[in-house]
Amino acid sequence: KETPLRLAVAANFAPVLDKIAGDFSARTGIKTSVTVASSGTLFAQIRNGAPFDIFLSADARRPQQLVSENLADSDSLIAYATGKLAYVSDNPAISDVDTLIASLNHNPGRLAIAHPELAPYGRAALQFLQKSGLEDEFAGRLVRGKNVLQAWQYFETGNVSQALVAASLVANKHEGKVVIPSFLHDEITQKLVIPGSSERHHDAMRFICYLVSESVQRSLKSAGYEPVQTPGVCR
Amino acid sequence: MPVSGDVTAIWLTLKLAALTSSILLIIATPVAWWLSCWQHRLKSVVLSVIALPLILPPTVLGFYLLLAFAPDSWPGQWWQSVFGTSLAFSFSGLVIGSVIYSLPFAVQPLYTGFTQLDRRYLEVGKTFNMGKFARFSRIVVPLCQSYFFVALGLTFAHTIGEFGVVLMIGGNIPGETQVIAIALYDHVEMGQYQQAHWLAAGLMLFSFLLLCILYGANRGGGRQWNFR
Amino acid sequence: MPVSGDVTAIWLTLKLAALTSSILLIIATPVAWWLSCWQHRLKSVVLSVIALPLILPPTVLGFYLLLAFAPDSWPGQWWQSVFGTSLAFSFSGLVIGSVIYSLPFAVQPLYTGFTQLDRRYLEVGKTFNMGKFARFSRIVVPLCQSYFFVALGLTFAHTIGEFGVVLMIGGNIPGETQVIAIALYDHVEMGQYQQAHWLAAGLMLFSFLLLCILYGANRGGGRQWNFR
Amino acid sequence: MEFSVTLPRTAEFTVEASASLLNFSMVGLTGHSGAGKTSLFRALAGLEKNAQVHSRFKNGALNRARVGLVFQEPLLLPHLTVEGNLQLATRYKASHRTISQDDDAIIAGCHCQHLLQRSPNGLSGGEAQRVALARALLNQPELLLLDEPLSAVDQSTRTSIMQWLRTVADQGLPMMLISHDISDLWLHCQSLLLMQDGQIVCHDVPAEVIHTMYKQSAGGRVQQVAVLAGPVVRAENSNAFTGFKCEGQLVYTTRCQDSENNRATLSVAAHSVVIDKNGQVPTSLDNQFMCEVQEIGPPIDEEVTVSLQRGSARLYATISVAAVKRLNLQNGDTVRASFPA
Amino acid sequence: MEFSVTLPRTAEFTVEASASLLNFSMVGLTGHSGAGKTSLFRALAGLEKNAQVHSRFKNGALNRARVGLVFQEPLLLPHLTVEGNLQLATRYKASHRTISQDDDAIIAGCHCQHLLQRSPNGLSGGEAQRVALARALLNQPELLLLDEPLSAVDQSTRTSIMQWLRTVADQGLPMMLISHDISDLWLHCQSLLLMQDGQIVCHDVPAEVIHTMYKQSAGGRVQQVAVLAGPVVRAENSNAFTGFKCEGQLVYTTRCQDSENNRATLSVAAHSVVIDKNGQVPTSLDNQFMCEVQEIGPPIDEEVTVSLQRGSARLYATISVAAVKRLNLQNGDTVRASFPA
């Protein structure tokens, strides 16, 4: 029995990856399985021997650290998507950054973000607040989910009326959504790497090439990510 | 070395654990007593319902609690109208969540204890003209002491360690809902393993001492075989 | 509607819960019995140690287990050398993790039950020239039936619902370590709420039925007051 | 006190017992194992939900009074010391004392002084029973039901406790006593209830009930008790005996003095009467009563009951057929009837 | 059988008992409540870890034999029916039977046939005791220790069970019996051990041991019972009476015939004995026994108990102080004791 190609993915990219992996399997006949957890959990697991073939982190730091600890193949360390931060709220009137910052100045409600130290989207959200001078305003009002998904759930279940989350999560939402321009926070570069323990380097590379192929990258745009330009790893 | 945020978290955790255990004892005692007296075909159904909070993964349970706490659901609305605050992301919400999640640990040992109690001791109390409450507090409680200690120990330990529900409904707000389990989780997730080790060791040691005291206090209750 | 991966997860979960509960009963029974017979100042210390797995947040406990299971740690090495497979991210690892995590739920009720048992019933068995094992299986077990059921119910439910430890040491690998709690967690995390609701409802219903059967089977044990 | 109790036990067995007890201080209850004695007590103490109890005690129903019960098993609370058990009973005692003795005297009366610091688990069977008894008494009940309270206590201790209990009962705490011990029942009870298959089949003075029990294997028969009565003459010999005149003869009694009317009575059970014909010879029996044989009953079980008369006083004597032959008894014979005071 | 047991109980109390019993079938053990009887049995049965037991039984130590014990409390297993309890004992019985009767006969001998389907929780005190006894017997022990096994059973049932137990004992299952019931001890035991403060102070035939006990408990009003026994002479007068010879005199009894050994016994309660001095006059009492006054006890409650003796036969008579005066009773007087058959 053939073991599937094991993909370990950070929570925010999971729904997108699910679909891409399905397409990949259909195209190549290589079975895949998707393991979802936070980047931190996956990182800890890989350091302790988790049998993953590709680690798709939500940030660049953790894959980098795996490489520097000789736990991953440095050749395979590449960016696969760039995240975008989005603001969502109940209020359909907020539709661009200016109205957003103005309303944030008046809106005293709670704001859900991902944990800044656990999730890159959380850090980006905090940077956005800092750069727009709202940090102090929201000091006591930040509700921190362990990852963007949880922050999104806080909003979606109605327990907060506004949240700063990954644009990918709100790709289908059209009202009350503002995509934060990327200059208001550090770039959210999501990188992947092939852990050293993987015995399926070849298949993993095939998947990576598929993921960074132009057509797939183009489709990421509608899913709320910026495509990445990858220098010729796959030639 | 623990950072200063951890100290607040420790304090919050103790408050939560103490409150949850106390509330659970207050709730579980009458429930378990009533169950132990009730003879009906549906009893095992009720017992199963009480065990259900264990079945759902804490995060999922937390998710459903989150749905219930939302200001547009009726429990959330009711709470808002009575207390004027929202339940989610508040300490009260944590307490409610923990109580629900730990309910089986309190009810099950007490229920078993009460069913195993020799009711003739209560009849003795009745012939002494003791009131219901006196019989309960002076006969049932001491005879079932061990069960109360087990219930207390399990709920207390479980509340300290539980974080799935709390993480979900608490929103990880330092000083308000960031209990130590979450702080510890954060350290691990951030890869701050050194700090995580310190905090884990401290937490274990402290809880260990508390439990030692708790179980030590039950010494007398260890050998109460119903001799005569 | 549950997806096909869920079916595998359900099967895996049942296997895990059944295995864990059985192993725990086998481990916890002698441990609890020995504890109930042991009279020593350090007893409350041992009891506290057994309760410790509850204190650590599951993810953190899982993290430490992960460290222990790693191929370069000595328990991991030992396992590797004996069984030739790695412990982390394997079903065996899950079983070991669940057993450790649920240990208090099995030991505590049994321990209380054994201490409350009237030892004179055992003396009766001794005068009948019954062997140690016969006395245990024919006198202790039926008299403590309720406690076994509580231990079984708690560990079973807890193993089904637990996911923090399992997520950490199991790695959420479908068909191998992705139990239903994690599948459910995934659905919630990925925003597939409809599927999550279905799965949660199914899980609850199924576990509920199992528990009903379990507690129903204990009917006879409900009223065994040590009359004479 | 009057009661009428219905308590279904098993499909075949129901306790249906009623009795009325007047001015009693200690009434015995006996009967075969499984006759329903314990069940009756539990119903009277209000511990059986299924029981229908109609009762009158003092001025109300029994359930409005404080009914103490010493269970057949001691049931000492294992988490308290002996002293703790006693204190618990004291704590919930009635404000109105029914036992005039103080608590220390009660504990001493039950031979428990030396056990106070002990744990119930380390007591012997008899010690535990005594503590259970003391505990019930310290609660100062208005009526005390004793279910074989001293069955595991040795005879001499039991006798001393029973005697002391009698004085407590006489001082105003009526008691009912279940016992299988004939001499306890005989010596300490004013009357006995005999229970059979859930019913009270006999209520009489101890000698009669006990005789009925002895006879039961050979089929039922009615036993006669005679009562002699008359004006008190003087305190004779000692203060234990009261003498009274009956049909011109002096009769002694130890109980049942009705000091108000200055009359005394004596119940004489047919079995305790000894007859002889040429009797001037003193015997150890304290009463001698000359009378005539009025009728010699039919032999049942090799025994006959002889009716005796003198004036309006009647006596019955149950003696063996052999004795009738030996004494050559005939109707109209004048005989001496001897019986205890 | 020989044993020597040391078992510390409390700081003040240690059981230190030893005895050697030769060829016994039923030996009684009696003594004050708390004297250490139960403790001794527990040590002999190997249930006390702290006990030092040196013993010889058959060809080895006692702990190598199968020692059955009927506990002072019935301790029926509550999760089994009565039948289940009995079956458990049967399942673990010795392969070598010590009781020749079959299991149904044992159950019937303990009067338990009708209880088989019942649950232990619904049994009366006496019923539970009988089941506990049957359970111990069904296990076919080599030595059976009985700790007040029938204390809650009514007298007639108890007598019938005790008689049956005697036949079982005589057929090869030696028993030791703790009891506070004088007539059981007197009637059914070959010898008695008297225990006091943890030591066996007296080991003799029943009459002597019981006499020792009575002397010790002077001060209490104990109903003293004597037992006369002797070889059956003939069925006299009628089939209701059995005559037997005791110290050269003919005594009649209505009960307690031991037909196998052709011996008969009669218990005589001290209160039913009538004494006179010049007694040739026939009375309605069926038994006349000439004997000597051995001792006149101290007056208690205006009554004294007179010890009477003829050869090795003893009798007690409880009579009033007035009667002693009236009869001018002195030690050494020859008197006639009359009592019912």
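We call the chains A, B, C, D and E, going by the order they appear; numbering starts again at 1 in every chain.
Quick note on the criterion: a residue touches a chain if its C-beta (ideal position, glycine included) is under 8 Å from a C-beta of that chain, and two chains touch if they have at least 3 such contacts.
Small disclaimer: the values here were computed from a predicted structure and weren't measured.
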item	value
Separation of chain C from chain A in steps, with touching chains one step apart	1
Neighbouring chains shared between chain B and chain C, ordered by label	A
Reference chain D; chain at largest CA-centroid distance	A
Reference chain E; chain at largest CA-centroid distance	A
Where chain D and chain E are represented by their mean Cα positions, the distance between them in whole Å	25
Distance between chain centroids, defined by C-alpha means - chain A, chain E (Å)	91
Geometric centre distance via CA averages, chain D-chain B, whole Å	57
Whole-Å separation of chain centres (CA-atom averages), chain C against chain D	61
For chain C, residues that touch 2 or more chains besides their own	59, 63, 120, 188, 221, 224-228
Contacts with two or more other chains, residues of chain A listed in rising order	41, 44, 153
Residues of chain E touching at least two other chains	73
Touching pairs among all chains present in the structure	A-B, A-C, B-C, B-D, C-E, D-E
Residues of chain D touching chain E in the complex	9-10, 30-35, 37-39, 72-73, 118, 122-127, 130, 148, 151-160, 163, 180-183, 186-187, 213, 216-217, 237-238, 240-241, 252, 254, 271, 273-279, 281-286, 301-302, 317, 319-324, 326-327, 338, 340-341
Partner chain B, residues of chain A touching it in the complex	38, 40-41, 43-44, 62, 65, 110, 112, 115, 117-118, 142-146, 150, 153-154, 157-160
Chain D - residues contacting chain B, complex	45-47, 66-69, 71, 73-80, 88-89, 92-94, 120-121, 123, 125, 128, 136, 139, 141
Sites on chain C touched by chain B in the complex	43-45, 47-49, 51-52, 54-61, 63-64, 104-105, 108-109, 112-113, 115-120, 146-147, 150, 153-154, 157-158, 160-164, 181-182, 184-185, 188, 196, 200, 203-204, 207-208, 211-212, 214-216, 218-219, 221-227
Interface residues, chain C side, partner chain E - complex	120-121, 123-124, 126-130, 134, 138-139, 142-143, 145, 220-221, 224-228
